[in-house]
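First subunit A sits with subunit B, and in the next complex the same chain sits with subunit C.
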Partner chain A sequence: MSALRPLDKLPGLNTATILLVGTEDALLQQLADSMLKADCTSELKVHLARSLPLPCSVNRPRIDLIVFVVNLHSKLSLQSVEESLCHLDAAFFLGKVAFLATGAGRDSHCSIHRNTVVKLAHTYRSPLLFCDLEIEDFRAAMAQRLVRLLQICAGHVPGVSALNLLSLMRGSENPSLEDL
Partner chain B sequence: METQSEEQAVTKPADSGGEGGPPQVAGAQAARPEDRMTLLLRLRAQTKQQLLEYKSMVDANEEKTPEQIMQEKQIEAKIEELENEVEEAKTAFEMKKLALDRMQLSTALKKHLEKVDIKTSVLMDNMKQILNLNKLIMKSQQETWDLEEKLLDVRKKRLQLKQASERKLLEIQTEKNKQKDDLDSMENSDKIKAIQQNLETEIQITTVIQHVFQNLILGSKVNWAEDPALKETVLQLEKNLTMI
Partner chain C sequence: MDSYDAPELTPRQDASSRLKDFFVGATPLQKRLESVRKQTSFIPTPPRRKIPQGSQLQEDVDPQKFAFLLHKQWTLYSLTPLYKFSYTNFKEYSKLLNAFIAAEKQKGLAVEVGDDFNIEVVFSTLMGVKGTQRDPEAFLVQILSKSQLPSEHKEGKVLWTGWFCCVFGDSLLETVSEDFTCLPLFLVNGAETNTAIIGTWFQKTFDCYFRPLAINAFNLSWMAAMWTACKMDHYMATTEFLWSVPCSPHSLDISYAIHPEDAKALWDSVHKTPGEVTQEEVDLFMDCLYSHFHRHFKIHLSATRLVRVSTSVASAHTDGKIKILCPKYLIGVLAYLTELAVFQIE
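Moving on, here comes the complex of A and B:
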């Protein structure tokens, strides 16, 4: 199965496609719904996947942004994300990948330490977002944010590209991570 | 992997008709021409941006080829170079930070000094003491410099003396050698030898004459001890001429 490559297909007119990867189907579905509710001038397409690689039989549009959703309460989600990462082309990590960690709010339920996810995101030089997807308001805000990111990654925002995004998002990162 | 990949649930919820769709649906079907215009302009900007991205991608891929050809050593050298650059940047940054810190400190101090009474402040006392200490340091440094200069002078003189004595010694040596050579040449010359031979024969002759005289005096049976002048002569004849 071949690795997923960015920019290997022509973009659809005014369409932006996001791929959400995670083991929590319900959360992904809710997030997708929230994203579609968000106000946006581009036509949004949301694909969900439990893990990578994707089957090649399906005809799918160009994928502009991949979000790996890690549930801090389950080790399985982290493991599956880590396995999925191997099936991505390196060019994707030039700003077209983001990590989303959910469940950090309830500390007692966490079976994965937050640092693990931070390190993972840092290893792949990709932005890491924290959000409790179970709470609707937070989910809506995150969906808004993701839609904005997706628009940039899809090239719908003139003057900004995914590469800019990478350096822009780094500012919010913890500076001590540079030493990791 | 295959089983997992089957689980991929591609949802295309409301591809254009869903909640995400309304704007462009409205744009496509709007009766107002301005909406259409804005939509077209936006699409143009989008296409331009996407074209730019593809172009940069192509450029990046083209740039990659020479890098792949490059030898590992070159890459290592380059890495070193870049690391050096990073180090330089770091040091520059540190320097700037230090300068900034100093400036901030000085401004803070200034502000503080403006507020505080000059005569009573501990800071001023400290400053004065520091100034005094600085003066002292400068003075002692000057002294050390002077002393060092003197030491240097003395060393210079010593060196000069040493050189002069060396020269003199060399001269003495050559002079001695010369004398020796002269002596050797004199001893070996024919003239000296002839003179020595002459001297030897003369000495022999004189000894013979002495002996003859002695025997003459003794044979004449004169009491030579009574006459002092004669006595002296006889005694003189006793001298061994080779001992001279």
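Moving on, here comes the complex of A and C:
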């Protein structure tokens, strides 16, 4: 039950593995299905987990990208993600972690303010994506986006690395976020 | 991380310092225009709010006049500013609205059993329901049924009541020009058909727009904390919460009732800065309730949706329904609701 490290295993040939962490099992399953349907030149492996740390007993490949899914309707999902973040090696935050917030469309059901998640992503210097995973079209578009991110993080796209991608994505962020 | 940032630090820092200078002297309207241009949304959550202080009503107003506002369930709407509205034309507005309602009813759009068209619309000002001197006066619209015998009491039974108010609406007042009257909060008690007719008349006459004001779980937990923080000599009702568990096919409801003095004791142990409520205190207060429930029932209330909060000060439902119980904190409750209405308009 040790911290996950990004480079402690050898990469598989032409395989890219993503780990989706979140308490909303149904949404993660649907997102995983959409990702596997997206066409991609590399072989995709999707792992799902409710929280970290992951059990050591399972033999798993090297994880290239971790996406933490927070449901804005449920405070429990945010708490679970915050607790899981402690079990990650710091090297993961160099471009291999992303946050995904779902449920922002239905404001009347939200129990977490958007700014809370924005601050969380800003603290961990990782990109934050918003998507209503319950709506199929948005989910398919987000799955496509995650597949592209995953390919870059696994090193399958020549010329772009996870670290490059991180600085590219941060360039478009609102500069006044530093005031938060 | 910072050393990696070095090559891009210089141009970005220039841009951000120029933006900071711009923001310092900018009015809220300019700030909003700037955030629209940059395609970001400027919805800051205020990190702290003031606890409503008792008896903020103006001294020269008789609190008995507000007795009819209490203990009634009001449905909330947010309203955009009214164009060319005048407080002196109330008689004219009453006549026009009367005629409009009669016309609508004759069209057969709003047919009620036992309807005898003997109704009268009355506009009146509600003095004293405001936060600062800048806030416009609140006013009240009532539909009364005219009694058959004019010799008896002049005022008939009140069929429908709606009132417009603005309490501490400074952020909205700064941005609108002279012709507009800002009364962003609209509260209604009565039949839905009447609400629709009167809403249509206001929208046509003053070029405004009504929208139902829903209160989400985040704001309900703020209300719970703020109202528990209010000092009360005598508690009239237990503090009660209602959660809705999303599960198919029927949703379950979980209701949790606490003795109000226990709730106040819990709040006092969480509360640090006198006179203000912070986000951390609200979260801690709710987390204490959640963990207590979890210890006994092994149910994570934080995964469910808070739907209703009921305290001795007021009770609120997520569909936008409110009932105010305590006259001392009327202005405080209205101030928070005005803030929500202004957020929705913007």
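As a convention for this text, the second predicted complex is superposed on the first by the 180 of 180 C-alpha atoms of A that agree within 3 Å, B and C clash if a C-alpha of one lies under 4 Å from a C-alpha of the other, contacts with A are read in each partner's own complex, and residues count from 1 in each chain.
By our rule, contacts are C-beta pairs under 8 Å (C-beta built on N, C-alpha and C of every residue); 3 or more make two chains touch, one makes a residue touch a chain.
Just so it is clear, the structure is predicted and the values come from calculations on it, not from any experiment.
Using the superposition described at the top, determine whether subunit B or subunit C touches more residues of subunit A.
B
Who does A:50 touch here: subunit B (first), subunit C (second), both, or neither?
Touch partner of A:50: subunit B, not subunit C.
Give one of first, second, both or neither to describe whether A:164 is in contact with subunit B, with subunit C, with both, or with none.
Neither partner.
Regarding the shared-chain residue A:41, is it in contact with subunit B (first), subunit C (second), both, or neither?
first
For A:32 in the superposed arrangement: first (subunit B), second (subunit C), both or neither?
After superposition on chain A, A:32 lies in contact with subunit B alone.
Classify the contacts of A:14 with the two partner chains as first (subunit B alone), second (subunit C alone), both, or neither.
A:14 sits against subunit B, while subunit C stays out of touch.
Between subunit B and subunit C, whom does A:123 touch in the aligned arrangement: first, second, both, or neither?
A:123 contacts neither subunit B nor subunit C.
Looking at the overlay, does A:156 come into contact with subunit B only (first), subunit C only (second), both, or neither?
A:156 contacts subunit B only, not subunit C.
Where on subunit A do the contacts with subunit B and the contacts with subunit C coincide?
Common to the two interfaces on subunit A: nothing.
Help me check something: in the complex, which residues belonging to subunit A touch subunit B?
1, 7, 11, 13-14, 25, 29, 32-33, 35-38, 40-55, 58, 60, 80, 91, 154-159, 161-162
Name, in rising order, each residue of subunit C that touches subunit A in their complex.
Residues 1, 4, 8, 12, 15-16, 19, 23, 38, 40, 43-45, 214-218, 221, 286, 290, 300, 302-306, 318 of subunit C touch subunit A in their complex.
Provide the residue numbers of subunit B that touch subunit A in the complex, in ascending order.
Interface residues on subunit B, with respect to subunit A: 1-2, 4-16, 18-21, 23-24, 42-43, 45-46, 48-50, 52-54, 56-57.
Sort out for me which residues of subunit A touch subunit C in the complex.
Residues 23, 73-77, 79, 107-116, 125, 163, 167, 171, 174-176, 178.
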